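Below are two complexes that have chain A in common, paired first with chain B and then with chain C.
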Partner chain A sequence: MGYIDEKVVPKREERLKACNAFGGKACQLIEGSRGGCLVNKNRSFSQTCNCQMGLALAMVLTIPEAVTIMHGPIGCGSSSHNMDSYFRPGQSIRGGKPKALLWVSTNLEEQDIIGGGESKLEEAIIKADQNHRPAAIIVVSSCAPGIIGDDIDELTSRLQKRISARIIPIHCEGFKTKISATAYDAVYHGIARSLELELKSEAPGGLVSNGLDQVKKEYIKSKTVNVLNVFSMGRTDELEIERLLKALGLEVNFYPNFAHPDKFRFLIEAALNISVCPTHDDYFVEILKERYGIPYVLNNMPIGIRNTEDWLLDIAKELNLESEAKTLIEKEKKELEVELELYRSILKGKRVLVSGGEIRVAVTAMLLQELGCEVVGIRAYHYDQFGDDIYLKAVSGNPDLEINVATTQVFELVNMLKKVKPDLFVGHSGSNVWAAKLGIPALPLFSQPQNYVGYRGVFEVAKRAARIIKNTAFQRTFSENVTLPFKEDWYGKSPFTYITEK
Partner chain B sequence: MSQLVEQIRHVCALGALQSVLAIERAVPVLHAGPGCGQKLWGALGLDNGCQGSGYVGGHSVPSTNITEKEVIFGGDKKLRETIENALKVIDADLFVVLTGCTSDIVGDDVGEVVREFQDAGKPVVYAETGGFKGTNIYGHELVLEAIIDQYLKPSEEIEPGLVNIWSVVPFQDAFWTGNLKELEKLVSEIGLKPNVIFGPGRGLQALNKVPKAQFNLLVSPWVGVKNVQSLEEKFGTPYLHYPVLPIGPTETGKFLRTVGEYAGLDSKRIEEVINRHENEYFYYIERSADVLLETRLLPRRFITVADSFYTLGVSKFLINDMGLLPETQFITDDVSPEHQEKIEEEFKNFIDGISSEVVFTNDGGLAQETIRNIKFRGRPLILGSAWERVLAEDINGYQLSISMPLSDRLVLNRSYVGYEGALRLVEDIYSLVLQDFQ
Partner chain C sequence: MNKPSGVNAFMPYIERPRFSCALGGALSTLNSLPGVVPVIHASAGCGGNVFASQQAGSAYYGAGYCGGLAVPSSNVSENEIVFGGEDRLREQIANTLDVVEGQLYVVITGCMTEIIGDDTTGIARGFRNQGKPVLAVDTGGFKGNSYRGYDLVLERLFSEQVQKANEKAPDVINLWGAVPGQDPFFRGDLAELKRLLGLLGMKANTFFSYDETLENLNQAGSSVGNIVISRTYGVEAARTFEQVHQTPFIAVDIPIGPAATAEFLRKAADFAGINASVVEKIIADEQRDYYRYIERIADVYADLDLQHYGVVVGNASYSYSITRFLAEDLGWLPELVVITDCLGETHKEELKVHFGEIKYIKTPKVVFETDSSEIQKHLAEHWPLFSEKRYFHSFSPAFVFGSALERDLAAAIGAKHLTVSFPASNRAVLNRGYAGFKGGLHLIEDILDVLVAGR
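Let's turn to the complex of A and B:
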């Protein structure tokens, strides 16, 4: 890999040939992905979507005892105050003392754009350190400093010498990539370059010298795993993951969201790194494998019956726990079957369209199929090689299933919904209202307080989907009284009219 | 503006995309990075009183989503293509192209591109709202300037009694629809024909009437002065600048008398209107007086940390009508220096010689630091934003969010303006205090 020595990680268009524009059949998508040619697709009309800075913020703002500095004009990162209501309960539910979110904007103005913004950033870092004495100072840089050429790495490494907080520079200028998931690499890159990921030599006369303790330590390590958590899964989901892994005799630590900067020093005291989303963690688990020889699993997301099973078996295989895993899976599935019966009859044959994150939509589609629904379309925020196997599984028997790769792009969504007319829409936050305007009930694709993951997640999703379908009065009256902002003849065209090849 | 800003209470100039969305069937077209629109809408809309997408906001806003390619090679072509296709796909009456930092730094010739569409008779205007140039309040003024300059046409005749009302900044003020409606109602009750361009049911029909007005009425401490001056220059329409958002009987009465006098209306009619409202207002106040006067219920001291509209309007009401005493007031909407003195004057001008200290800062961190250092006797009332929730807990105060960001409230058509609005404010403040006793 070897990107770790570079200041900036490459964008995913380059590193993974990832794309964010496609419309067509599933088989064409996978074929295109394997041929590496999807990356050339573009749009000649688009709507505002998101940028990697936003996704980076969603990760770093969860880190306790840190101050986040948004280096840019004041608008970038402006909606982060909504993270406060996610961050504070997230802290307390994990046993921390809830504090208000700390973040500062360097507020670049016209004269800074001309003269450079480094001095303001320097002032912000020093002030943050003095006023708050944080464990870490995270510098998130936006488009403007990227274009005017502020050298935040030089500045932060110079300042690090006289500042006690760890400074973590993160390059996440929105314009640099169309694939906002590049943010995950950018954040992990910053963490790997700036935080201590191992406990430096222990004090003389410490525990290491004692042979028995050493054995004990090794044993604990062999039973400890790291689970890399993601923004869209809340504590409820983490608890389900913990429950399943504990049943296999494992201790679980969660990184990087909500992990204290000092906690990262224990990161390598684990036998395995476990991803819950292949498109989230590949960059980081590879670094940890290269540097410290820790193996990882990265194939799947534990959502739905089959994928939870595959995910558990992947882990078990690495740790020689296969028979334990199989027993657990059988028991869980048996219990779940009984509980699902009622909902299956309600959900049977319901036509569903799923829209959101690349991997999440595919596994959620499979979950809905397991409940008896018919999946009539999938929309992914972006697409890359990590989708290939999972999408093959998800569309098996229906290679012609219509797939749209689009980061938001409501005009394409609405056009598709008008044509497909599903009974239920399962969408990323920000999209469900547009389905409702067509009278289609919607189940959020994720919602942190609720459970979606593991066997409990299957039950919870079934229960909520059944409830949502039961009374659609809101959507019906709503759709009768509002209009969509698109011209009538747009619906006569293919939803993919503005996807171009260039 | 402050150097560094903690806890923001406004966004950047491009945030004026929300002012465009406040005009029915107008749509912003962003020439900006892929994430700008979402963040600004999140800050001013979704997480500010739950003001969501509406007709064509949120993720429906067309945007060029600038990438490296446009930064290096220029974005004119991408912009032209996006406008052209927006005209085909989006069902709207007015398209307002707004630039973000990236395109302003790169220096795309947006004016040139937009003029091509204007020459072809398309309803497209533009404003250069690169975020580094100022706040969304400044951006709001730029959007109005753009519409005045590039869209509005002079009118042959003037319609007597027609008054354009300009006041709070849509979305920045989560109560804007309610507030504008209330102003409209009051103005029509004294016999004028109000014209407001923002809010449901107005749109281009209202916008097109702007040059026909007898006068422009600006109800604002400072925002919009530039716009009414431009309207005067371009169409010869005179304006009345009333600097206080009228809340409660004292200020609202003064407001109605001032407008009436300016418009040359019969003062008898105005007094009748005021009388009727005051009777109704005091009917409710009388009913609640038993509880309000219960000493332990009345927080005596208050602080505002808010836009100038509210710091001033609310202070006037709480001091002149409700008998509260002011601590320091923090004005967070980045008031441009030339207007600060006049606003400060207003804070020296309460009844009984009461005056209040004011601090102009858009750095919430600074405001909170100052508040933490004040020694309070009794529990203060803090009228600010959701940022003040934690602060209020720490200093044992009562907190009500009235200014951006209002992430802890759902706002539909509530208004804090006039007689009705004052009653709402009293309800909200004292419900808060009562809940605390339960």
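Let's turn to the complex of A and C:
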């Protein structure tokens, strides 16, 4: 690929022809994606959303024993106050001692914009190392240093010689890409360039002392897999993944979220890299395949009955465990079906609109269909080639389903909700309140303490959805007492009025 | 005088800053004003990032009318940064006027659009000349922190939105200084002070209260005076107001509890030329109610000996007011006060002197520290925390008033803890406030909730 030798990863608009503005039928979306003609779309009216820095922080702020330095003006990364309450329980549920999330701002000010911010960054790295003795110092670079020309790579590699922590520079200047998922590539890029991903060769007479040990080691490796976890799945979901893969006789290691910086040295002691979200991991699994020859699976997300099955079979195929997997799947499905009966009767025919991450919304839509719901619209934060097959599956039988590609864009969301009036909204955080203002109850698209993944996830989602629609008095009375900020004639227009070709 | 809310020059390392940037403060401020719609001219993530900061920081003070992820934003990216973002901004403002209902639209800028030199003010003026209610404020994040953003927005509103009044209304007063999105209790505090000024016969504009509209701001020029309930924030804006409208102001502390509130009311009455006997009657009535409640809680308070040593951590305004309440009303012993703002040296000295005026206690140690991890060191320097000795003059019983971050400090020194400052991620605050007589009762209630929680 060659990207790994560059300081900065290309943006996804270029690398994957990803887009963040579309409104229309599902079949048009997939056709447009395959023809590569979505990428030029824009908006002439837009609302604030997130940037790649926000998504990068969601990943790196889970790394234990690290200090993250926000290299930028004082506000960049101040969202991290929101992450403390995720980081603490995240550590304790994984058996660690819950420690406070540590992050620092280099506080770039007017004179630094003129004079450059490198000296402040240098001082911050040294102080962070001295004050906290972390295992890693993660330097997250925001818009301003990107434009004033700070060379954080040169600085960090020079400083590395006298700093005990591993320094990981991450380029995630928000303005550089409209596809905030570029963040995943940026973080993996930083990890792959800065952390040791293999245990350096052992000294003679080291751990592997005889042939039997060697065979043992190879055997363990053949039964060990890496699962690449994501911010939106918590430990509860990891446990379900682990349960299913253990049933196939596999040992599971999770990377990169909540993985100690030193743990990455064992990353290559695995037979397979498993993605739980194709749009999250393609860049990294490809690096690991190129460098170390580790195969990967990257087609699907284990959410919903069918997709969990497909995901498991993908893995089993790589590891020659197909018959075991089929037996497991049959047993799991049988057990689940009985338990779903009650919820299916409650959820049958309920109209749902799903909004959030590209792949997650499609597989969640399928899950809801499996529960008997009618999916009346899908909104994706962005869209690229990884969506094509999954969206085809999700809309099979209904190729005219309305799809909106938008990184939140509340005005388009509210317009759609007003028109389709779903019984339930399943949305990304930050958007659910807008459904509530219309009297529509929301099931969060993700919530780390909850289970969404695997067979148990299907049950848990069904159980929660059925509970949520039992009493919607809050949403109803709320909607009667708030005013939406949009003009009345906006609702008479197409929600996609402000999407332009540029 | 130093810019009170500006960030100090060359502070290269701020650990877990308890504020966001000027854009963040401007945004929280505008989103809290009735009828006002902010329009961000910045990268796509700026608004989302500072909103997340406000959520956890300010006790889940959510999106409101057109905040959160609904804020119109030009979302400039590489193309605009290279070729300029002015066309995009014009398009965004025009379409905002079409889509979003508002009485006033205020464009606020992020770092990037300021660095590339977009003439935001000129563009806003263009719309205004066509009769559109559009203003602009330069709030690039590198200009300072949230508190600075609050001042920048108020300065612009006071000079360009508040109408010039030919006559002053003797019974109208403006009151501000509690910062939306930073002070978790700003709504409750403004409401209580507005109520108390109402008892004095004054109509108070706070601009942010739910019973006010944009008209209260538009007509604010007719007030006889301005009261800023902070010695640090909103003071610059008061100077601007004075220059433009010739309205005098006083900067006082947010009054918490009977002692401070009585003083506040006397000052306010004096400022507004209200008869002293009127004030004394009101103070007596309020104090009577306050102590009828205290009378009932006094049993448990006395039986359990609930007096504590105190550590207070927070911004310049609230730290002082909490400390004074502990000392002068509750009879506690605040020993260490940590002010987590970046302030100029002169202002730091002024504040230190002011802490010396608190009655009944030895003046607590006042430090200015932006790094949370350092706070315990300051305490240990002031009062040895650990010893093997059987007879040890320990810092106990102790109570930490701070942010959610101070839970670690409290746990480390075996103290109780209540969140009263940003980030307040472990509390949800609606109309609760600590200002005034009612606020004093709320604070005692919250303190005792912590102390009796295990019973």
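Everything below uses one rule, namely that the second predicted complex is superposed on the first by the 501 of 502 C-alpha atoms of A that agree within 3 Å, B and C clash if a C-alpha of one lies under 4 Å from a C-alpha of the other, contacts with A are read in each partner's own complex, and residues count from 1 in each chain.
Definition applied: a contact is a pair of C-beta atoms (placed from the backbone, for glycine too) under 8 Å apart; a residue touches a chain by one contact, two chains touch by 3 or more.
Remember, it's a predicted structure, so these values are computed and weren't measured experimentally.
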Q | Superposed partners chain B and chain C on chain A - clash or fit | A | clash
Q) In the superposed arrangement, which partner chain does A:294 touch: chain B (first), chain C (second), both, or neither? A) neither
Q: Examine A:132 and indicate which partner it touches, taking first as chain B and second as chain C; both and neither are also allowed.
A: second
(Q) Applying the document's definition of touch, where does A:403 land relative to chain B and chain C: first, second, both, or neither? (A) neither
Q. Does the superposition put A:368 against chain B (first), chain C (second), both, or neither?
A. neither
Q: Go through the superposed model and pick first if A:431 touches only chain B, second if only chain C, both, or neither.
A: both
Q) In the superposed arrangement, what residues of chain A touch both chain B and chain C? A) 44-54, 72-79, 81-82, 84-85, 100, 102-110, 112-113, 120, 123-124, 127, 143-144, 147-148, 174-178, 180, 407-408, 410-411, 430-431, 433-434, 483, 485-487, 490, 498
Q. Residues of chain A touching chain B in their complex?
A. 44-54, 72-79, 81-82, 84-85, 99-100, 102-110, 112-113, 120, 123-124, 127, 143-144, 147-148, 174-178, 180, 407-411, 430-431, 433-434, 482-488, 490, 498
Q: State the interface residues of chain B toward chain A in the complex, per the touch definition above.
A: 1-8, 10-15, 27, 30, 32-43, 46-47, 52-53, 55-56, 58-68, 70-71, 81-82, 85-86, 88-92, 100-102, 105-106, 130-136, 365, 386-387, 390, 405, 407-408
Q | Complex contact set, residues of chain C against chain A | A | 7, 9-17, 19-24, 37, 40, 43-53, 55-57, 62-63, 65-66, 68-78, 81, 91-92, 95-96, 98-102, 110-112, 115, 140-146, 371-373, 404-405, 408, 423, 425-426
Q.
Which residues of chain A touch chain C once you look at their complex with the stated criterion?
A. 43-54, 72-82, 84-85, 100-113, 119-121, 123-124, 127-128, 131-132, 143-144, 147-148, 174-178, 180, 407-408, 410-411, 430-431, 433-434, 483, 485-487, 490, 498
